[in-house]
Each structure stands twice: as structure tokens, then as C-alpha cells.
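Naming follows writing order (A, B and C), and every chain is counted from residue 1.
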């Protein structure tokens, strides 16, 4: 087992560099866990996240009062001074995501059936703002019906009508099979991010290992030793395997530690299986890179380009739903995409019948296919390199 | 006096790397610092150059105390480090020009000096090469050229021939002597005694940070009570014969480790003849007999009780 | 002497492939990745029709109004829903499989069955609520004046927009920009690779090359200033290339204050180069460790500034506000965003002020270490 031991020794030397990636990853994971902690409670009932908004009204009328009450159902009001910079700051720091201004004379014009508008300033792409938009449009569109159809309706009676109309709504039935107290958001994030650090660590370790191991002088010396090349290769593969499994194991363990109360379920098992499948794939990528890389200085460069590139275009950092079609098309040629996709599917699993888990297994199979392709490519490169 | 070091002490924690060392280098000398690895040669050099802090002692170069800010002194020193210290991104020419430029601001003069230096180390064909493309020997020569291009009065060479092929080594050694002939004072450190014997006019032997002997080649050898060493290949002799040999005139010791009989004699003439006569007379079976003069290694062995080579 | 060292430093650094990679190619590559990943965020094509089911029963078939409304919402390119008409059992099955976000049962009131809270279920609910509320209004009006029916039906169809968006600032708030701004900030701090080399090449206890420089008759401060100037010139040029690439190839908006954007980049560049110098002077370990620390610290700073997850910046600002001021990558990102977003300069000035303090710390720290002209050991 000399070769095996040598490999582990070489890898040990890489620990400080690898540790930096692991520590950063864990720090990020901890921050994420505290950031998502708030989201954990909400899922027991059907709720709408109320977003914070500021309502700046330049007039005070019964219509606007009723509107305010209605709006209170979908938003929390934050008092802000009507000061340009204060409002900018509030949006900038997300203390409110929506500022609505009721211009002076709005009610009067509205009651006369004129076309008037409220002014909003928002943080873009904030989902909860959509509800506020819907609520405002619904309120005034309904009001418009009355104003048009009932001549000379007073503001007070209009508000009364609106109040009773807007009180009706669909009843919602929350139907779940699994325990809703379990939330997989965090695990989903964690495992998606895991692909970044796991891949970094694997490439760093493996490339360093290959550089030493395939260094021509050392290789010649090994070739002269009485060990069969089969035994050397087997030991080498064993070392890679141990390294891969160990790296993956460490990161997975921390997820369970950070998120223990959400971890005791089948989803976690699937997350872990998926991670190990991805780790094998990562080993393939690293093995290929290890075969291509020629100097120690190039390792961090290649590792960063490959990991960040893969993670940005295949949904690790930017959620898959937000990626464009082109990006998704490119991404589907990367294993990270299938890893992330499987993770997202696992996070939604509530039942574990064959039909439910089938798409997950096919994502994993694709990852294994990628792994095989990477290993095959690496062997081709390796063979070519040997003759050089 | 070019360099004067007085009572220099340098400690690394508990280890005393240079132990109350004093030395003086005269104008025009090739001064050799000889000692095994770890004996404190490089540390001494670094202290002389004010690169290292030292615990005790005074150092003067060209009669002035040496400090990191002594630019007037530094201008006249050329240094060739033990490790090859060149920029991988610069060509042979550019490297020499860069380092030379730190000493010689005048462009015209510098160009001339750089070309001379390239010629001097025989790198003419390689002046556009990057260091990575040079073999070990050529790289060493570049390393030297970078140190001496500005024609300094004092050149310090710290093991410039480590891991160099014999051709390059000869070229380097001849070059050093040439520099000396042109008027430079040279300090040369090495653990190869043949080199030191070959080029140095005065030698200091260092061991464990202490100077154990200083002098010319001859003076050093004269320090030990050994004239010549006679070796006889002989498979057998009696203890009685051995005892008789050691009692011969001028013979200091005789040891027989079959098949070699090693006889050491003190200074004197005809020692070999006496031994030969005795062997003939006693009819001691023998094959080869040869006689050697003492080497610096013998000096070192005699003074420290251990081999110089490491 | 300055020119001699400066020119040779330029040659050296420009031929150092590794440094050029980190300081120029890597940010450019990342910018391309960003552009691919965020292409969609820019165009706002985010909305995808929601998969829902309607339980096909007598109530549904007889409620002509709702049927029409639902079918209308499920047609066309900008449809709200992908509608499946199914039996209750089938709808249940679809919901469990996560094939649909929810299904609707026409009862009184209309019932929505979902398996979780979230955006899609909420949109479905809003749709139904609006329908029911409109029905309620129509009923109220008809109760008061049954003759209005015809008129009412025609005005129902034309809903109006009651909100218009106005920009409260110099520019539209824009989420994608922050990603590119963190990228510039990161690239500034990768200038650390240059600063790192400068120190390695001048500290005799780090490299033998530096020992040779140290024995030359040139004042160390002069050497370091000359070579640092070369590093800065190279890095500034690289940063300008990056800015040009972002602005003209990827069409990233920097707002109107271009002069200040360049000024910010210059300050950021100085901060990055001196940051690398400090790391190099502080950490006497191998090159590999130094590089790992530089990359690690910069990446972590970039993460906190929102490079991988945009909201991180705001989470930090709300939960640990000190951290957003202690993270120079964030300060720089924020400065760029302020230039784009604010009309006033107060916040920008605050960022640049703190960043300048950082630069002073980096410089003083580095100088206090390299000031020693003699070394304890080599």
C-alpha cells in the first residue's frame, strides 16, 4: 500500500489550501442558515409574506382611508418622512420595498371618473410587490365600477361597498402528505452550494496529486519498481476514492449538524445520495483537469474558472427559475445543472413512490453519465500524455 | 583592508550559527571560506552584507562600517547568491541589464558592461533566452553575470558552482580568477575543497560557526604535523612488523586494515624510501604502493576530527 | 533609477501569465458567465405560466362566468395558467406529484387546494379573489339598479392600471447591476496579486531575488515606490479594459457619473494592490498559501457583497451592519451602486472615506513590516 500512502501524504499537504475553501463554505452555510431561519416557521398555514411599504398620502379622504385599511391586509406600513434622500435610503436598504404616493387631488379626480394614477417607487423583482400591485388595482377597479354605475355615490358609501366586496375570497385548503414542520429550503441551498466547494476541493487536491504522481521522473521511478502497474493504478484509484468520499462526507456532515431538526427524513437521504453521485462526477472532472494541468500555479486558476463558471451558469448561485433559456440550454450540458435540478426536486418531495423519485434518479443517472465521460476523456488524455 | 569582521555572533534561537568570528580580507585577494554545509558560511556572508541582523560584532567594508543604508559601499560590491536569483519573466540580457542598472545609471556605459558580462560568462548565444530555457550550468553563469556586470571592487560568490557540470564549473572558476586579475577582491565560499585549493590565495576553514584555521594553502597544510601519507596494498603482515614500521624515523602512525596499510609521516625527506626499504627487508607481500601529500581534507580532519565532505 | 525599475517591472509583470490571468482574464471570464446567467433577469421574462387543475364537476360546468374567466386566463402567450381539467382524484394525484401548484373546486366560496404556501398558490388565490370580489360588486350594483346589467358587463372588461412606476432616484433600481459591481470590486481586489508579487520580490526573507535587490545601492522605499507604480499602472489599465468591456460589450449601466466611476475604480485598484502587499508581508508562508488567502478573503468578501446571492448584501446590512462597513469589497460595490442610484454623494463619500482608511491601514501595515532593512533570518 505504499502508493496509496504516498497519495494520502501528498493530499495532506494540500489541506491548508483546501481548508480555506471549506471554511468559507461553512461560513456561508452558517450565514445562510441564520438568514433562512425566519422563513422556517411560516409553512403551517396558508400565508402571504407581508412586505414593508411606505404610503405617502398628500391628501386625506374617506376613499384613501378605506384604501389604507384594505392595503393593510397585504403590507406592513412603515412610517417614513417625505424626504427624497430618506426614501432613497429606505429602498436601498430594503427597509421598505414599496413606496406609494397618493398625489393631491387624486380622490376628487377619481370620483369624477377621471383617469388618475398613484405613483410607486419599488425595489424591482420583489415578489411580494406583486400582491400590493394586485391589491391596489383591484381596489380602484372595483371602486371605478361603482363610480361609473352609481352616479353621485358618496365616498363613505363607496368605501362600505368596497369593504364588503373585498372581504370575499377563495377558501384555501392546504393539503400535504408530509410533515409540514420540515422545511427543505436550507438543505436545498446548502447542497446546491456544496457543489461549489466540493468541486473546488476535489480539483485542488486531485490536480496537486496528479502533478506529483505523474511527474515524469517520479513516474519513471515507479515504473522501475517491482510493483505491477495494475497494483499502482488500483492503489491510486483507491486513494482518489477515499479522498472524494471523505471530502463529501465532511461537508454533508456539517449540513446535518447545522440543520439537525430538518434532517431526520428521507429527503436528507436523497440529498446525500445525490451529493455522493455528484462527488463521483466531481472526481471525474478533477481527474481530467489533473491530467491536463501542467504547473502548480495553474491549479487555482483552473479550479476557480471551472467551479465559478459551472456554478453561475447552472443554477447554483442564480436559481434555475431565473436563468434564461439560452443559459438553461448551455447549463444542461453541465453536471452541476443536473445536480442542482435533482436537489430542487428532492426538496419538493413529499412522497417516495417510484413515480415520485424517478426524475431524481434520472438526474443522478445523467450525472453518472457525465462522470463516465470525464473519466474516459481523462484516460484518453492520459494515454496521449504518456507517449509525449 | 577590504573587509574587516570583528567578533561576529549570530544566533538563531538556541543555535549559534556564527560564533565569535573575526576575519580580514586584503585588497586583491581571493579569500576562500571553506566549510561543510551548515558551518555558517552563508550566514556570515549575509551578515557582512547587512541582510541579516546579528547579535554582536562589528563589520567594516572599505574601511567604513557596513549598514543597510551604506549605498556607497554597496555600489562597489557584487554578489552572487547561492540560490539562482533572476526574474523568470526577463531574458538573459534583460536580467543582467536590470541588475546592472541598479548600480549604473548611465545607459551607454551600462550597455557596454552588460555585453561584456554576457561575453564574460559565455552566454552570447543565449542573450534572448528566458531563464526557464537554460540548463543548470548556464543558469548559474547568468546568476554570476547578474552579480558582476557592474565591475565591482569586491565580489562575493556564495557557492556559485553547486550542481554545475564540470565544463561550466571550470569556466566559472577561470572567470573568477580573471576577475581577480582585473583587480577585484574576491570572497569565495564553497564546500568543495579542490575548488578552494585551486583558486583561493587565502583560506578560512569554518566549522560550527567558528574559524578553526586561516592561512594560505601551504600555511594550512603546514599547520598539521603531516608530511605525506603512504599507502601500501598488502594482504598480510604481522603485528610485530606493524609495530616496527611505526617506529621508523619520521613515521607518526601506521595502521593496517587488510588489504591497506596506511602510514602517516611527519615532514621530512626520504620517508617513502625508508618505508620501501623496510618492506623489502621484511619481505612483506605487497602490490601497489603510493604516496600522497596532505589535502585540505586532511587538514580539516586533523583539526576537527571529521571529514570535510558531507 | 525610477524609470529603470519602473520599466523593468512593467516587463516582468506583463509577462507573468498567472498574475495577468487573475487580474484581467478571470474577471472578464466571470463577466461573461454573469452575462449568460443574468441575461433573463434583464429582460424580465421571468414569469412562467402556472400549472393548475380545475375539478370537472357539475358546479364548474354550470358556472359559466367563472369558466369563461378561467379559460381566458389560460389562453395566449402571456397566459397566467396552464389549465388541466380533471377529476378530483386525478387533481389530487397531480398535486401530490407536484405537477400542479394547486387545483380549484367550484363551491361556495370557491375552494383552492394547494400543498404549500408560496408565490404560485398566492397568484392563483388572487385570481379567484378578484373574480369573486368582482362578482360581489356586480351583485351589489345590480341590486341597486337592475337595469345596469348591459352597461356593467361592458365596463367589466376594461380594467385600468392605477399605478405608475416612477423612479425615485437618478436611475431605475436595478438588481443585476449589483452583481457586476461586485465583480468590479472583486477584480480590484485581485489587483492584490500584483501587490503580492511586489512584496515577494523585495523582501529578502521571502525570495533570494529580493536579497539581491537588497544589496543593491538603491533605497528600499524608492524601489518599492517605483515597482508599485508599475503594478498600479498595469492594474488600472486592466480595470479600464474591464470597465470598457462591461460598458460597451455587455452593456452594463454605470449611470451618468463616468468620471466618478473611474475615480472609484482607481481607489479600488489602489486598495486591492496594497491589500495584496499586506498579505504578502504578513504571511511568510508559501506562495500557494498566500494565493489561497487572497482568493479566499476576496471571494468571501464578494459573497457578502452579494456576488453569488444578491440579497446577501441586504441581509448583512440589516443583521450585522458593522460587517458591511468592514468589508472593503462591499464598500467598493456600494460605492459603484451609489453612483448609479443616488442623486446625492453623501453615501458614496462615506464608502470612499472608509475605503481610504482601509488603504491607509494596508499601506502603513505593509510599510511597518518591510521597513526593516535587516532580517532576523533569511
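What we mean here is this: a residue touches a chain if its C-beta (ideal position, glycine included) is under 8 Å from a C-beta of that chain, and two chains touch if they have at least 3 such contacts.
What you are looking at is a predicted structure, and each value in this text was computed from that prediction instead of being measured.
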Exercise. Classify the inter-chain contact topology: is it line, ring, star, complete, or other?
Worked result: line
Seminar exercise, completed: Higher number of C-beta pairs in contact (A-C or B-C) found for A-C
For this session: Name the most central chain, where centre means the mean of Cα atoms.
Result: C
Seminar exercise, completed: Averaging C-alpha coordinates per chain, one finds the centres of chain A and chain B separated by a number of Å equal to 66
Seminar exercise, completed: Chain-centre distance (mean CA atoms) for chain A and chain C, in whole Å, is 14
Exercise. How many Å are there between the centre of chain B and the centre of chain C, using C-alpha atoms for each centre?
Worked result: 63
Exercise. Taking each residue of chain A in turn, which ones touch at least two of the other chains?
Worked result: none
Seminar exercise, completed: Interface with chain B, chain C side, in the complex: residues 1, 4-5, 8, 11-13, 15-16, 204, 207-209, 211-220, 373-378
Problem set entry | Interfacial residue positions of chain B with respect to chain C in the complex | 12, 46, 49-53, 68-69, 71-72, 74-75, 77, 79, 81-87, 89-90, 94, 97-99, 101-103, 105, 146-147
Exercise. Considering the complex alone, what residue numbers of chain A touch chain C?
Worked result: 16-17, 20-21, 23-24, 27-28, 31, 34-35, 42-43, 45-48, 84-85, 87-89, 91-94, 99-100, 115-125, 127, 130-131, 133-134, 136-142, 144-146, 148-150, 161, 164-166, 168-177, 180, 296-298, 300-301, 304-305, 308-309, 311-313, 317-318, 321-327, 330, 348, 350-351, 355-356
For this session: Under the touch definition given earlier, write down the residues of chain C that touch chain A in their complex.
Result: 18, 21-22, 26, 29-30, 33-34, 36-41, 43, 45-46, 48, 92, 95-98, 104, 107, 109-117, 119, 121-123, 125-126, 128-130, 132-138, 140-141, 144-145, 148, 151-152, 155-156, 159-169, 172-175, 288-289, 291-293, 295-296, 299-300, 303-304, 308-309, 311-312, 314-315, 317-319, 341-344, 346-347
